[in-house]
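Per-chain numbering from 1; labels A, B, C, D, E and F assigned in written order.
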Amino acid sequence: MADEFNQPLSGNIMPRFAGPSTMMRLASASGPRGLDAAFVGVPFDLGTSNRAGTRFGPRQIRAESALLRPCNLGTGAAPFDRLRVADLGDVPLNPYNPGKSLAAIEEFFSALAREGCRPLALGGDHTITLPILRALHRQYGSLGLVHVDAHADCNDAMMGETVTHGTHIRRAVEEGLVTPSRVVQIGLRGTGYSPGDLDWGRDQGFTVVQAEQCWHISLAPLMNQVRQALGPGPVYLTYDIDGLDPSCAPGTGTPEPGGLTSAQGLEIIRGCQGLDLVGCDLVEVSPPYDPLGNTALLAANLLFEMLCVLPDRRPGS
Amino acid sequence: MADEFNQPLSGNIMPRFAGPSTMMRLASASGPRGLDAAFVGVPFDLGTSNRAGTRFGPRQIRAESALLRPCNLGTGAAPFDRLRVADLGDVPLNPYNPGKSLAAIEEFFSALAREGCRPLALGGDHTITLPILRALHRQYGSLGLVHVDAHADCNDAMMGETVTHGTHIRRAVEEGLVTPSRVVQIGLRGTGYSPGDLDWGRDQGFTVVQAEQCWHISLAPLMNQVRQALGPGPVYLTYDIDGLDPSCAPGTGTPEPGGLTSAQGLEIIRGCQGLDLVGCDLVEVSPPYDPLGNTALLAANLLFEMLCVLPDRRPGS
Amino acid sequence: MADEFNQPLSGNIMPRFAGPSTMMRLASASGPRGLDAAFVGVPFDLGTSNRAGTRFGPRQIRAESALLRPCNLGTGAAPFDRLRVADLGDVPLNPYNPGKSLAAIEEFFSALAREGCRPLALGGDHTITLPILRALHRQYGSLGLVHVDAHADCNDAMMGETVTHGTHIRRAVEEGLVTPSRVVQIGLRGTGYSPGDLDWGRDQGFTVVQAEQCWHISLAPLMNQVRQALGPGPVYLTYDIDGLDPSCAPGTGTPEPGGLTSAQGLEIIRGCQGLDLVGCDLVEVSPPYDPLGNTALLAANLLFEMLCVLPDRRPGS
Amino acid sequence: MADEFNQPLSGNIMPRFAGPSTMMRLASASGPRGLDAAFVGVPFDLGTSNRAGTRFGPRQIRAESALLRPCNLGTGAAPFDRLRVADLGDVPLNPYNPGKSLAAIEEFFSALAREGCRPLALGGDHTITLPILRALHRQYGSLGLVHVDAHADCNDAMMGETVTHGTHIRRAVEEGLVTPSRVVQIGLRGTGYSPGDLDWGRDQGFTVVQAEQCWHISLAPLMNQVRQALGPGPVYLTYDIDGLDPSCAPGTGTPEPGGLTSAQGLEIIRGCQGLDLVGCDLVEVSPPYDPLGNTALLAANLLFEMLCVLPDRRPGS
Amino acid sequence: MADEFNQPLSGNIMPRFAGPSTMMRLASASGPRGLDAAFVGVPFDLGTSNRAGTRFGPRQIRAESALLRPCNLGTGAAPFDRLRVADLGDVPLNPYNPGKSLAAIEEFFSALAREGCRPLALGGDHTITLPILRALHRQYGSLGLVHVDAHADCNDAMMGETVTHGTHIRRAVEEGLVTPSRVVQIGLRGTGYSPGDLDWGRDQGFTVVQAEQCWHISLAPLMNQVRQALGPGPVYLTYDIDGLDPSCAPGTGTPEPGGLTSAQGLEIIRGCQGLDLVGCDLVEVSPPYDPLGNTALLAANLLFEMLCVLPDRRPGS
Amino acid sequence: MADEFNQPLSGNIMPRFAGPSTMMRLASASGPRGLDAAFVGVPFDLGTSNRAGTRFGPRQIRAESALLRPCNLGTGAAPFDRLRVADLGDVPLNPYNPGKSLAAIEEFFSALAREGCRPLALGGDHTITLPILRALHRQYGSLGLVHVDAHADCNDAMMGETVTHGTHIRRAVEEGLVTPSRVVQIGLRGTGYSPGDLDWGRDQGFTVVQAEQCWHISLAPLMNQVRQALGPGPVYLTYDIDGLDPSCAPGTGTPEPGGLTSAQGLEIIRGCQGLDLVGCDLVEVSPPYDPLGNTALLAANLLFEMLCVLPDRRPGS
């Protein structure tokens, strides 16, 4: 289906309010073969503690992505000229059964990883990162992690459950999916169950950058450090839209004031240029709380920025 | 805590936009003892096929119920003068685990039923009716059922799952919780997987009144027939807000055009006067799709109307 | 300023989304002299028990009225060909002082009445009807009243206050502003403080038509009776938008399910044709609860329908 | 691409909030060959007099249509078992040039007509009906017309322009696209520029059914008459969503109170069963004024109902 | 009722979308005895010049506060481990009578002050600060004031009224409730009636920090100066949410562009650590203009941050 | 009509939610004679590529401007004391014909320019700048341009059309309306059709300041440079609200993340003090995407800030 350089449908051929509802109005593909990267919808929201609705995230992100053009004016990137990209549609989840859904996600992303296709996942709530990491780990081994979020997501359990949108990072460490010394968390803030809630990660070896450390400054210098710290191995970027301030990203389920600006949010992704990103996700966009669509539009831009910093496909992969 | 005739907090003592956020600003109670009836929140939405958000139903219905005064000007009912009523708060659900949540609901309502307290449940999605029926069946035996809805909810399974908001009525029949010949479904309409989707219930012996049969007319005559058909045994009233037309109840997850008017929606409840109602629910109000609160306000009124037609407590119960 | 037959600015001269923000894009006037009828904004909302916001009613009703054309296709009326009409702007209220505001309203409408100009008031909450009735009573003597509403507004006091949006009808009776036997209330429903809440009016001699009496039928026959009962004397029409069902008029402060349809709402006004209407109001549109503007647009249409049934100016008035 | 009986993607295979954003999650097709009927998006809104936004109508109608199942429970119709149907995507309009856009529409629908594929058009504003009628007329000759609307759309010009969303019916008559004696208009109401605004159509021989004639009654008898009057020749059904009351269809650009109920709106389409419908459209859904999506969901249902009453393909076409 | 260290209801016991609607799901208390601090709702909005609706502020702030956990991850504070805190419900205001309402507020807060319970008031409009200051002044003598706001609120009168949401600071000075040299105003900006509108406070001895002085920088250094300037005496913190930029706090009645960021808004409160805060308020959240609830959620966070910097109860108080 | 110093209607005479709906509640004027500056509505949106709705921009900006007082507290400006200003209403556009509308705009602004009245235009989409520049160029010769925007608007054509909201700057250069070396573009960012999309302007001699160059810093130094570069000749300020970040200005048609803050947006205008501004516009506010009105309120403030930096009328002009 692929093996070609797809280009987003141009606004000079079809008006932006029309045309297919794929990501950036790209071609659909029925499988990953021949693709360097692919957008995948993961409309899972059964791990959500507060406001629901991220099940509609992929649909709304795709709808708003129709505004995007193929080149990045801030960085000069033209990703569709060097990567074969398509939209693979949505993972066929079971909306009544969290366990089956998580298994379906893992299976879907395993198929991508086996083909060397790097996924750009449209969430869904943050629980989805766990099965994606399981799938990628199988292909790439233990991963580095850039984790943008208001929350550490390192709870041992929530209401006794071990797999939710607030526990997946701890599970990933415990399962060896990520290498703790290569984990960076950026944007953490807000309230917790104990003053030391962020120390669990630090104790594992995470680099934890609280939101307060980011206030009023450029994050480009931080990202220089991050790149040096993570080095050449495979890295996954997981991006919870609530890492950004609610003024930028109101449409999410557990907003926390005092977050990153959208400029900082872009600096983080652009600062990943040079890392060996093997996959990315953008999670926790909740359309019922985003009636204007601007949170989804921001998410679409962030996903495009992720595509822009994906490395070229390596020979043999 | 109970054994008294609670009255809603008056708007002449505390403004309607203030005061406690209990149902109708009634007293809270920590358990059912001594109560004839109780409002209970059941913020479960893990059985939902389309739009999410009913988890916030109880909170918003209670908030809007602050506008309600204690007497029914349409029927003359003054339920708080003859029934001991309180708000029992919410069932402590597990938002990540459907099975545990359903067990918690059944347990909670079993406790009510054992005390002879008749529940008025604030949903939540329609799945909650199954564990409530299980609880009430244990106390009262097989029940009659008045079921207001756009959908029959008689699927055998959805995505292979047997307990969802679209299967609970079939489960209730199979488990013997309801007596099919004493089941009445009102308001069914819309689209289905086969033209005979509504026949399963008819084949069991249900009385099925499609929305088309209700158009342009009063439902008072229908309810006269319903009362005669159901007779003197115990009856449960389950009321999906999407039985009403989306013009009346926009804030719900699977709206279907061509539904009942709010006047008809009131006629159905008022027409239950005389039945031995042992419990009621009002489900599928989704606050993210109800930004003005009017769907929740309608739901609050319908729950009050249900209270108005509850029979007096029987001696010995 | 007047003494001419103003016509609304045509949509063929200026697009409907442009032009002045007067009612129906009519000419403004600085005083009532020479006018047969006038639209007046009364943005008072200090008598409101629940949701606020009617202070923005006049602005939003005027904005939405830009869609209206000058002739009534349902009745054939062409009011601007027989009546001199203008928009007199807003009463200069004091938003911090209810008493001063009510005095300002009374003074403003007294000036209109003295000139024989019949007011069409854009509320504001329903409290405004009391000072308007005081002003008109001085000119016309005791009035008949057609009162469309979900609520009787006959409370003796609310929180101890005697002038609120729920007490003005009782005050009007006590002050002799209206003749009880010539008062008709249509659409009453919902909940109250006692089952007999609607009996106070009946005891005075009011004709009270509860919403239940209106369900499923045309109100044209009722209005025939109303016209006969009210006879030839001066009549005031006060129209609370919550008389209509919340499906038709969601943007209001104390909605009650089971109300009139918009068709019935039109039948009532059209059924006033032939009465000696000396003034009208449309109250309780709350724009913060009407984000689409459709409640205000409905209100604008109802105000236009009122204009259509205003009698011609009498000689000598 | 076609020559097969497509079925909508089932909610038991892919959750309703996921999957492709085609109409009813049908297969896409790149051309009409082999199709009996096709959904086509026509996101044109350059003929709009008041509120804008219908350019997003096709996208939102498709998104909401994901809730629809393949069979009609009200009528028993199973259209996908007898008709080959697909979604042909959107007409590639020019959003800056009305003339070029109208030409593109005509060309697109001409191609459908030549293949005998009956179009179901998703508007867009009502201007689109004119180029569609031009295309169908070339294939089928002069057409009968069932026109549901609040407005007659028979203006000679608006602001001097002869092709707008308020003039297309007059143009269709003048161009001989429709046979006036086979034109039925249902739902007309509101305000106009002269009391006789609806007489132009009557003078041509139209059957004009004003909204007032529809209040409180079933429209099934009316549709019996309509079918007899229209007889066996080809008929086009054009359905402006503002024919329905704003309570049912708030998300539109020129709403008029006192309109049809959604039940009546269904009766009209079902009453077209037996006519030789050669095409249909559903226009004037404006998503910016429909934040909950319920107007679009209603529109999706109406389009499905239209599909249900399409005749089987005739031999030889 | 108190004398115990209440903890907010945990999200591991009851889902965040469920449970009581008290502030942070704390225990309710019927009086201040034994409490170190208390949340109090003051739903007064009769002093408002522009958009209404702050009467619903307390209800919505409480609803959104359900997301808050008990510890401050930014500062390490764990206030519920050192302070006895409860929710005292709402002041029973009179929604029709500003004077009686202000008297009720003063009385309510006097009772708190007498018990040494430090209030955290949930407004309501800014007028409420005056009666609170009157109450606290009686207990503590003349107060220092940290005043975050877009507006100086130092008008002599508005429409001739001396007590409104724009005059209370001048009244507080005139009545000796605050010591002008210990008043700091932060965030002032926008438009005024004369270029010297902010000079009245400066002439009294206020420290006035206009918003322009805050742009692009951390406010931590400013707060160091503020603490030194205010010194050891009692201080009241009054926080108008419109001090923050409308991007952060859209849901308010008189928004002004160019305001503080939410990070700066947090820095101000955290910079009050060490002051002898005897009470705080958070005012001007208007839920009708905050449909997503994020302004209220921000307000809930700010109120929690205030609690975190409250001093320990002193012996003997 | 003018020759006097109009003052906005005071909030001490008429509440801010009442009074005329002119800009800042100024006097209306029927022509430019005697005016130094004038607000003009230009509700044109037929050049829009994505979300529609700017046709309602002037109406909503005026409505929200009612909150503005006459003096600038940030800069001390009191423009109404030195400039004769009025609201000239809306240009009478043709909503169906882009060409006629653009001609009407040019004609309207030519009349202003001839009278030496400096226009402050309320858009409408950005296409309107072209006919305004044509009109001003005729009076003042080639202009300098300060252009705030997310987009360069220098496309050669869109869908083949040469006059749209994305081509007007290139047309202005080609037509000699602006002097390229005196053009400054600030805030550009986002995605484009080629990485060099911003180079066309640079090649002409524009100063192009991308948004990334503005992140985290004050723009006052930049504006010092801009003033020096532009020098003493006539300058036009065109301000697309999407130059600001969507967090500040959500209500617009083509939002791009990573934009200017509202503080920076104010700094740009204030930094124009001293330039010979001969006209200004504020474009691309789309009310359907601004339900709270805060984008329009921001726009109203920006327009007032523009007025504050307009030079005094020169003798002889």
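To be clear about the criterion, a residue touches a chain if its C-beta (ideal position, glycine included) is under 8 Å from a C-beta of that chain, and two chains touch if they have at least 3 such contacts.
All values derive from a computational prediction rather than experimental measurement.
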item: Repeated interface matching D-F, over half of the contact pairs identical, chosen among B-E, C-E or A-E; value: C-E
item: Chain A-chain D separation of Cα centroids, rounded to whole Å; value: 41
item: Approximate Å spacing (C-alpha centroids) for the pair chain C, chain D; value: 38
item: Where chain D and chain E are represented by their mean Cα positions, the distance between them in whole Å; value: 55
item: Chain C, residues touching no fewer than two other chains; value: 15, 17, 49, 51, 55-56, 94-95, 158-160, 216, 245, 247, 289, 291
item: Chain contact graph, described as a line, ring, star, complete graph or other shape; value: other
item: Residue numbers on chain A that touch chain D, as the complex places them; value: 13-15, 17-21, 28, 41, 43, 55-56, 58-59, 62-63, 89-95, 291
item: Complex interface listing, chain A residues touching chain E; value: 49-51, 158-160, 188-195, 197-198, 210-212, 215-216, 245-247, 250-251, 254-259, 289, 291
item: Residue ranges of chain B touching chain C (in the complex, touch as defined); value: 10-12, 15-17, 66-74, 76-78, 216-218, 245, 247-248, 261-263, 265-267, 291-292, 294, 297-298, 301-302, 304
item: Chain C-touching residues of chain E, taken from the complex the two chains share; value: 45-49, 51-53, 55-56, 94-98, 158-161, 163-164, 288-289
